[in-house]
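So that you can tell them apart, the chains are marked A, B, C, D, E and F in the order they are listed, and the count of residues begins at 1 in each.
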């Protein structure tokens, strides 16, 4: 077992237990997409494109009263330590599903009957927490596409390493640690839209971890807002290191 | 379109009725909100498998079979045996299931069941190594969904747990020539704990356990927690495009923990009965 | 070569040459299916579901004057000595086809134009003769689904081991024996609906074997009848050991 | 929908006419009920293959090619070489064939041809072992269906038999270092017998041999038997959703046995001609 | 490096640098196809079938103003030195595409709106230059099918071996040589419809090679013509050795 | 239907306008016929890859990543390392791209980029052998198409070249025990030349370089040539169902050769900058 927290309570990369990695979000990075975003979250580098609302093919799959949301989380073959086969793995298919379900509650799909909205996530480099970074970036890309939303969606993982509840595990902490729990919330409506958990947590640790994740999400939400405001209203340098 | 989503379209009108019942603390089939349907577990039903179990929860019926074979470890975990959990939602199981490769719902189901087993360390994979980096035992658990009436996550999980817990395997040793020798004698597969998953459905603002297909068709969100023998959480998964407020998340853990304790006794009894 | 028949003329499991393994049939074992059945035939354990008649998708595949029968014979991964990959093998596809052709003559498909009837067989445990057991169970499940039938269909294999024509080979006999011939008949109309043969038989042995199979089918037909009668008219314990 | 089934829909109206002819002992093309169309067999047409044969039966045309390679035996048959028979119903072959993986009809066709060869023990697979459990000869027979006018089962079978019977392979030996050495000298592949398949079509109550596509489109049932040199039955397969009464089954064997004897002479001659 | 040209300037099979291998073309070799041809070009043996123009399925893929041309180049498993898997490789898919684009300019597709024309090539034996032989044969099969054409299409490869520009590389020359360049032209309209190049050529060598290929195509065009004339107007032996 | 073909249908009416501009030596975006859009190349952007590059040509954006792994050589080239170039036209990249396995256009794109690298012998594969016939370095170059606005052939090719040229790999050696040892020290991947591809689009009778999506939608033919450091042609590919007359073929080579010289300087600079 690797020692992941030093005697000063700091983690291998120098972070405190309740500190996220550096985050940078850019909006409108692709020309063809109806909306797009790019996020760097730790070593994660993810680009997201939104296409839609547009007509459904084949037509009989369309829903008469609302739009269909489809998400595709895909990892570039060079994004991981060992080359990943380009074909979607079962892991990627599951993550695509939970990302879709994490985003859907925030979208007013009833405004776009008989259409589909496609969200494509390409993980250019993967680190711990890629699904959370992907959700955070996707919500920004959906806003950039002008899709009507009830709230943003913002995600952050929390977990346990060396017996302590800590925020936002990186790759090594995820691999060597005791638990990892990705959480997504709608920050204004105070709703949880994603929750997964691998590992071992007592119910008390769970509660503490969950609150830590919610607080971190509120902080990351500010980065989302700034990125969108900077694109639409300002010229400032985007991001937060 | 997946089976569950089709059902949503068909049964949406039913929701108001179900919600009204729930608000009175009742369900359409007369159960209380936190009552399971009758659970029936039979083990050892497939002689050719190393372990097997049929689980019926109400009209939901699944069979799990364990095959223990000799294989090669993954290059990055040379000191670990293999565990593969696969779930097939068979076309037998409902009018909505289709033949073909698993869709995203079947993949999620399989992966959640897998994680419950894996994260609880029910089986110590490091004890399944025969020759370090070369030969290990590979545990394949295949779950056949035979009849679908809701709560597949728990049914598949219980069948998986019961089939693993009652598995036996030929005693095997590595000869001086590096060949693996399997003896006639059969030994039980060692297990460390019995992970129990509990899935809650949230309909409107109420939680229920063990939802039927009809209830799943109108549920807003689903959340599953898996607990080990000590009541610690080992895995969790929220599903469906509904939400939980922050208190509901904590409440869900509490409910699930209490129900897991209750269900654990049923599973333990069936394992004990099997072992005689 | 293993000796498969002892000096008393008995087989390794104690059966005479013209004796089948124990058979047990249950009807209506699945709730969702329109018809269903479960058969134990030796170590074979097979469950069958019938769905239909129902609308064909896509619609242009529908036949204007009759229903389409589709059978799917599938083996559970744990049904065989070595784990079977869940994906259908070429063998399973061929068996699905011959089972469909063995059942179709008994069905009055003209009564259900523009529909499809799906028969799904799941082999939970496989022994010699699984396709015959599957046909026998499928006919029962079709009757349970209320599909109009001209006759039942009932199947049994016959073969040759240690130079003798014998009925109903089990796994070992099939593997070590000299010939295996699955036969299905309609017992009242006296028609053959399935016949396959692997191995070596003189034309004379063929004739003897075929007659032995037909006689066995008539016997198994009684088990089918009893199972159906017990479900619809009686309360008796079903089966025959 | 498969090619044959499409044809059924199109040509159903033709059936009455064909049946009327058959009842008078005649066929639309003037043949008697138990007459084959002209059979033309050429061997050695693909120089890069170890053996090859083109078979034409009337307008039906198929090519089989044999490749003999070195491979590994299956774990459960370490003392056996490999035989793989594959049939591709090419989109060239008719307006109904489509590109793509083989459908159930093509799979049945390949498996019936394979069984005829395998069960007759035409090739003694135990003689194809180079290093027990490790290296064996693998015989791949691939059949390309080029033009379809009925009776693919027999045409593919004859092409397979003729290509195997005329195959040669480099003499090979295992060196002291365990390496396999292939010499320049070529030796013929040893064969034990010549299996002959005969396929009967039943239309109404009549049996015919060597049906055309048009006849197959209206046939009720199809039955194939394969015979060895001694007239023993080695494989059988009834197909199509029609039936045979019990006497018809026995009659089918008799007819097939007599025709097999006749066809055997044609195949034998083509093999003999090839071997010079 | 194998020496591919001897001191007399002759190649391993005795050809001069500007000489093609023997060519034989037959027309109408398949009964079911609307048009068909067979070519032997060196050791290449290729059979081509044309089906169409016929209705497009599914219908929404049809073009309102012209026919769709689809080509499928496929190698028989026994056509190569080592057995080829029957499933189309990426190489076969690319070649199918370039063959289609090489043939399309010659076809008056506007005459057949809302239809598809399928060209199926089966390589029974593969040698160097199989795509060129396939194009040459396909054009003949299209003519045999009666498809309206602006011109024929005829193809031949050219390349470089032992430092010299040479015509029509065989398998060994292709493998051991320095460059291979397949070219297809419309011989009367003087248009290039296919050009590919692997290897190394100076721009000057390229020009020389290209002219050599064009000249060879004109020669092969005569073989195409003779094959078609012999089928439709004559009884002469077809081919040229 | 493929993205490009769909675009053809939509934009056919645009052709007359584009042709009119071209006849005056102008393009819709103001460029001259033989002008590229601005090219931006960044390298080293993916730390987990051995080499990487993002190339933007106008609004077209692609990323290539190199992974260097240890693998086994092909049986017929025991003395050669492996080079695999794969291109994914991601659904992110345009409204016409769909998820799923690569279609024939993506396959052609990948194979043309691959041939440019392979035929130019940019990487000497014989220097990537670790243990003859057993262990070699395998170079995987994966190109993600992120945003499509024409000229993917050149953009993917430049990204591939820049990512290979800036790749590093752990120094590795074969121990006495035959095990491969990777040291911490990283060494640059040796390259022999910088192949530059130039793609011309022919619209009506004019050639242009670096076509946009809109121009590609109306182009008659496409031709790509790849040149090495000495200006020799290493690969060529004509595409699309249009034609070139014989003089146009020669003209295309001339234009491409001149443009390759110009672009080479841009690529070389980006590589030099990366190497510091």
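Methods note: a residue touches a chain if its C-beta (ideal position, glycine included) is under 8 Å from a C-beta of that chain, and two chains touch if they have at least 3 such contacts.
Note that the structure is predicted; figures quoted are calculated from it, not measured.
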Set of chains adjacent to subunit C and to subunit E: D
Minimum number of chain-to-chain contact steps, subunit A to subunit D: 3
Steps needed, at fewest, to go from subunit B to subunit D via touching chains: 2
Subunit B-subunit E separation of Cα centroids, rounded to whole Å: 58
Between subunit E and subunit F, centroid-to-centroid distance (C-alpha), Å: 27
Separation of subunit D from subunit F, taking each centre as the mean of its C-alpha atoms, in whole Å: 48
Touching two or more other chains - residue numbers and ranges from subunit E: 82
Residue list for subunit F, restricted to those that touch at least two other chains: none
Ring topology as an ordered chain list, initiated at subunit C and continued via subunit D: C, D, E, F, A, B
Residue ranges of subunit F in contact with subunit A within the complex: 45-49, 52, 59, 61, 63, 65-67, 69, 86, 88, 90-95, 99, 101, 140, 142, 144, 146-149
Complex contact set, residues of subunit B against subunit A: 1, 9, 76, 104-105, 107-108, 110-111, 115, 119, 223, 225, 228, 231-246, 248-250, 253-254, 257
Residues of subunit C touching subunit D in the complex: 61, 63, 69, 90-91, 93-94, 96-98, 100-101, 104-105, 181, 185-186, 189-203, 206-207, 210-211, 214
In the complex with subunit D, residue positions of subunit E that touch it: 30-33, 36, 43, 45, 47-49, 51, 54, 72, 74, 76-83, 86-87, 118, 120, 122, 124-126
